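I'd like to ask you about the structure that follows.
Per-chain residue numbering starts at 1, and chain names A, B, C and D are given in the order in which the chains are listed.
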Amino acid sequence: MEKFTIKSLGENKIDSPLVHRTHKMFAGDGFTNDNERILKNNAYADPSDIKFEGFEKTGAREKIYFNPATTTAAIVTCGGICPGINDVIRGIVMDLHYWYEVNNIIGIRFGYSGLAKDPSTPPIKLTPEMVTDIHDLGGTILGSSRGCPPEPEIVDSLERMGVDILFCIGGDGTLRGAHDISDEIAKRGAKISVIGIPKTIDNDVGLVYRSFGFQTAVAEAKRVINCAHVEAKCAENGVGLVKLMGRDAGFIAASATMASGDVNYCLIPEVTFPLYGEDGLIEHLKKRLDKRGHAVIAVAEGAGTELIGESGERDASGNLLHKDIGVFLKAEVKKAFEESGRKISIKYIDPSYIIRSVPASSDDSIFCANLARAGVHAAMAGKTDMLVGYWHGDFTHIPLEATEERKKRIVPNQGLWRGVLTMTGQPVNWGAE
Amino acid sequence: MEKFTIKSLGENKIDSPLVHRTHKMFAGDGFTNDNERILKNNAYADPSDIKFEGFEKTGAREKIYFNPATTTAAIVTCGGICPGINDVIRGIVMDLHYWYEVNNIIGIRFGYSGLAKDPSTPPIKLTPEMVTDIHDLGGTILGSSRGCPPEPEIVDSLERMGVDILFCIGGDGTLRGAHDISDEIAKRGAKISVIGIPKTIDNDVGLVYRSFGFQTAVAEAKRVINCAHVEAKCAENGVGLVKLMGRDAGFIAASATMASGDVNYCLIPEVTFPLYGEDGLIEHLKKRLDKRGHAVIAVAEGAGTELIGESGERDASGNLLHKDIGVFLKAEVKKAFEESGRKISIKYIDPSYIIRSVPASSDDSIFCANLARAGVHAAMAGKTDMLVGYWHGDFTHIPLEATEERKKRIVPNQGLWRGVLTMTGQPVNWGAE
Amino acid sequence: MEKFTIKSLGENKIDSPLVHRTHKMFAGDGFTNDNERILKNNAYADPSDIKFEGFEKTGAREKIYFNPATTTAAIVTCGGICPGINDVIRGIVMDLHYWYEVNNIIGIRFGYSGLAKDPSTPPIKLTPEMVTDIHDLGGTILGSSRGCPPEPEIVDSLERMGVDILFCIGGDGTLRGAHDISDEIAKRGAKISVIGIPKTIDNDVGLVYRSFGFQTAVAEAKRVINCAHVEAKCAENGVGLVKLMGRDAGFIAASATMASGDVNYCLIPEVTFPLYGEDGLIEHLKKRLDKRGHAVIAVAEGAGTELIGESGERDASGNLLHKDIGVFLKAEVKKAFEESGRKISIKYIDPSYIIRSVPASSDDSIFCANLARAGVHAAMAGKTDMLVGYWHGDFTHIPLEATEERKKRIVPNQGLWRGVLTMTGQPVNWGAE
Amino acid sequence: MEKFTIKSLGENKIDSPLVHRTHKMFAGDGFTNDNERILKNNAYADPSDIKFEGFEKTGAREKIYFNPATTTAAIVTCGGICPGINDVIRGIVMDLHYWYEVNNIIGIRFGYSGLAKDPSTPPIKLTPEMVTDIHDLGGTILGSSRGCPPEPEIVDSLERMGVDILFCIGGDGTLRGAHDISDEIAKRGAKISVIGIPKTIDNDVGLVYRSFGFQTAVAEAKRVINCAHVEAKCAENGVGLVKLMGRDAGFIAASATMASGDVNYCLIPEVTFPLYGEDGLIEHLKKRLDKRGHAVIAVAEGAGTELIGESGERDASGNLLHKDIGVFLKAEVKKAFEESGRKISIKYIDPSYIIRSVPASSDDSIFCANLARAGVHAAMAGKTDMLVGYWHGDFTHIPLEATEERKKRIVPNQGLWRGVLTMTGQPVNWGAE
């Protein structure tokens, strides 16, 4: 039995408006069929290795489930902000309007809390005119928040507002919430499609090769690393220390290290590192400073937890909060150098709000437009309890449940991390036990 | 018989230096075997559809062909400049030096002409120190040129200089040249590896999903389109007309249109369009100006050739030169409006040198570093007459001959072009006969 | 008798709203008196050299002429676009609203043509909400045009619309027009204040040290010069040729040369240069290419007119159009090199629309806000037939007539041009006869 | 007796090399005489108000003091980094070399500590080739540090190295140091010129209208404020709090507020503000959030010291360190809101290293080149114990002692602060008692 089956609200009986309006463009293979798949694993040494496991392919369906004339769609954005959210909102509104002629589109304010019984801010109507220039702005025009009211309350609100389709743009917690909302909808036998658009600046959603906003974040992180490099070079024994996003996965730190070429130590959650002792960071740093006079360290916020422990607190979405590795490293390194009578000048930079609040880069804008279009096609075709993925260059449908089980992490003996080791020259044996 | 077989200079008998230096990192699946493949077509409706045709996978091999201690590598950059060339040069030098301990690396000046019998500028020695910051610079530190001396002359030069590996960074003409050089080498029974790194700002190399510099070019093109949009809105019946690169394929124009959201007409070589008549561009433009007061047109340099014909001239690489579609359009539109007594204010922008000369974006930098590493691993393993490709998220080896036969073009009824049609609202039936 | 006397519509009898609202801030020297002056010439060798000639100083007056409750202000933007126009519009609206509580503010569309008897586009009402974010946009939200209907027609329109104050944002032609409009108003005995805000990307308005948008333009021009430099270095005997704005004054070319450091020849209207012969540009270029292999030329559009002559055409504002010096230089240099059997590769860039359509830089934004505030204070105090100047760090009032007589030009033996000569190393004796 | 007299090392008997090389350019008023002055106060209501007090004017002198063939110049950069230091270094080297043909130029490493008896890093020789591209880099290629060895030790080093001219690029502490070094030199009867180039990102040096790097810093600060604005708008009752440089003067915070237009409260050292009570910041913030839902606060690091007291610590240059007003404000506001049962979401950004480490903007680059040239002319003419100032659009010479007595501060009832009050709408009576 196939694993990645997408749930459907019912039989698709309505002709897509695209059939008539854009016939030539959709002639031949213009529409996608539900049985089309993208292979999960496309690498093989022997053809018989290939497992026929694949993801449903996105695209316009010839028959759809919802009647555009009577459909109401809602968009909600949750969690921390990330470059590109406004691009996704824009894309959903534009595609619903221009491709499907859906005109009732509402924007939920400030995350799931806007779907509470009595939200502090009411939803707004979204139109193409309103969203036409929002991709030039950072953040989300709808506002966001963490946390989630009880699912029954949310589904009550959706039914009260007559919502047929709910687009949930958010990360781990949001997608878990979306799945629970789908369950509640199913329990009631309601016909509301729930479509997730994964938003994780850390790029750590399982089965999703690339998340929107990640490339933009890496570009901004590179800028900041450059600042740290300048600071480091301008002081005797100068060290620039930059803390980057990455609670459980170090993709931003590792990719910014690759892009920058100026980082000497890249520290990520997936690869433990000793701080003290012969092979520890501090000892290496001493040698580096003796030899070159300066150093740059990029540390993901979730790195080194084994050194400092977790703080025990959780944010409103339930994510565990780590103690601040940046502050810890700065203090420990400084202390160790002072104790051994060595001069050091550490400049610590914590740029997270600066990185996540910029508008999407040109390539992320395109990516967001494609994600949005995939989500709209899926929703109109009555699919639900799924998210829009990206795999090997194609957009895919993934059951919300499937992604929860799998988290994406950097694999130390593969391409990205090897690239980092070349770029930095840091010890190759850190993280191996 | 498999189609995408890569030629090899001989048996690989030497242990890779990586075996000893970085053992832990390469334990398990750390090395790549020659029989590993990336499926060419990973989409299927029925598992039995799948054709087992794939590309060799890049990666470090456990045994290599060249003895690092005695190996000399050369790098040559040809054709028009493109963001990221310096990143590729940097990556090749860094990886040869740090992974393989190859220390004889030379940079050929000003394209293949630097491999002539008597080059006007002699090659330079390349070291990690020299290249460490070059990724912050646009262009190529080696200089470039079009055209190619006779292959025997080039191979004579390579033999005279004792070159074992030649990295050729360039586009169509360069890769054709690289293949011919490989043939000449094979004819002589020489043991010189020729590795192509495809450079095409137009992103039109067959079997290669993404070319370096393309994303950066799109980002710059978006900036320019924004300028055209501002100019258009500031005049009564203002029209901003931007000519973008794209001789045979409209990827830059289409992608910049997607990223910008401000383009009303995107014209590309793959989709013909009528200029006059009921459904022609001029008539549409009149309606748009009546309704909205301004318009933006992005035109690829190779669009509308059926309207203006080719100039008959060829550049030094043998590419056919088209007449200037931008100048032509500006004149025709202006004339048509004046003849019908309508006001129009067209601002024409031709930004090509501005777009191609910027440094690589952060994401292109990473991409270039990966391309370079793939090329270095392939070369050290004695592979030849190949280029480094990128397919469905993996880097691949492709025979130079195979890519020549296939050119990548925008397919009108697929994702990118449909996105453009949504973004612009331009006629969907252009290009269909 | 003093030369720079500002005309006034009548006696100021009304207390400024600022008197009551912001008393503390305006205590002491908070208000400006009409007799306060800024010295025109503040350099001296002997105190007795000083001529007591000065400009009226801008600032809030304690008594004003117009009753805010019944005042209608209009803003018109004319001529080519320039970074910062929207900042000026924003500032005028904000200051009228928040400082003076004037609520009737209208925006004339598409330049003086919007004040014609029967404008093709009617004016719009401007409010703080509408303009709050416009400083992030290039161009002018009001649109612009060249040319001017007859003054009586314009004054008819102003009277019909009940306009009390007209802010004219524009260059030479616009300010000449504003003066003529003032004359027509005076002839009729009407009480309409006309305030000019000089807009000249070329920075060539007399008695005005700095024009808004100029610094932004120089920064963009520097970016383009950098592209030309990259192109030049990447080709054998590569020459990057950039044409910059500057019809009669070379401030942009000279300043961008200073900022960039990469220009080898800076050609401006104020300094003639020979093209041929021993001391001509071409001969120098040959020597430079022999020695260094590449060169960058920045040429102002009005340079070298003695070499090519004027085209005889005028634009809609009546400015003489020069033939294209960039195209001419490219052709002449190429021909000369080919005739002497020398290789050359010239890349010609004409970036004007790209430079002038960007949003204002941070410093230009501040400058524009200050210009706007000065204009608003002057207008409310009933001053007319004047422009807002900037002189030795202070904002000033200047009679429109006075600026017409004086054009600002680069003086070859002073600071800016000497800086250029150091930066470029070009011949110091060009331009001297 | 005039106040701003510049000390001289002796009689100028040597013809400037400029006399011969660039005669035409210096004909007429090409050289500057020592008696030329720039008026300190150029505003007047009555001509008899004018006080004839002025600053010596910079510029090339016809006779110089030092013999270029035997002159050694040294450059030292001290204190925190600031955009443009490399531009100044570049300019000094270029002008010494190309205008005066001085070839012995040395760069002192890591501030005054590089002039200690036994510096940890020896000086380097500086040449035009070395500095040609350094203006594209942030920081200082020489490195910097705070603090200063005893003056006799420094003068010993200068004499040992045969230094004739010392350029000191730095802030308050550095310039005090330069003055003390000058005194020590005078005491010994040595003939060493000491020229200060004021470097203060805060723009707070007395008698100096503009410091290099300040405009660039404002532009970066504006970027960060924009991020804070996005964060604030994306949360319910979102507050973006940005701490900016400005120990004793709020120019960066005020100017960035002007440039951005998004700040609601600008807090600076010169204007005290109550935190609690009816007219306090917290009460205002509550009203603002009730009305608009979000707010942005820009606070200079030296604001609110009366609220938190100084920490008692000093940095290595002897500057008093304030407690962190940003951290304090965040905590107090949060506490006050929580205590009154109100929701608030504060995002605190402390971007200082990111702001100060970027390369100079185009306009700052030009400004730095002019500062450098002024310093070189002054030094070659044997002037000493002075700094290069900028006053009313001209560059000036100022005795080091004079600037120490005067610090530049924002004057609340003048232009800049009034602009801030309009932009923000914050209480106009804060700071007045």
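Going forward, a residue touches a chain if its C-beta (ideal position, glycine included) is under 8 Å from a C-beta of that chain, and two chains touch if they have at least 3 such contacts.
If you're wondering where the values come from, they're calculated on a predicted model, not measured in any experiment.
Engineer: What's the chain with its C-alpha centre farthest out from chain B?
Structural biologist: D
Engineer: In whole angstrom, what separates the CA-based centres of chain B and chain C?
Structural biologist: 42
Engineer: What's the distance between the Cα centroids of chain C and chain D, rounded to whole Å?
Structural biologist: Measuring from centre to centre gives 29 Å for this pair.
Engineer: Cα centroid separation between chain A and chain C, in whole Å?
Structural biologist: Centre separation, chain A to chain C: 46 Å.
Engineer: Considering only which chains touch which, how would you classify the arrangement: line, ring, star, complete or other?
Structural biologist: ring
Engineer: In the complex of these two chains, what residues of chain B are touching chain C?
Structural biologist: 81, 110, 113, 120-121, 137-140, 143-145, 224, 226-228, 230-231, 233-236, 238, 240, 293, 347, 349-351, 353-354, 357-358
Engineer: Under the definition above, what is the set of chain C residues touching chain D in their complex?
Structural biologist: That would be residues 21-22, 24-30, 33, 35-39, 42-47, 50, 52, 54, 57, 90, 94-95, 98-99, 132-133, 135, 209, 215, 218-219, 222, 255-256, 258-261, 361-363, 365-366, 369-370, 373, 391-394, 412-413, 415, 417-419, 421-423, 425, 428-429, 432 of chain C.
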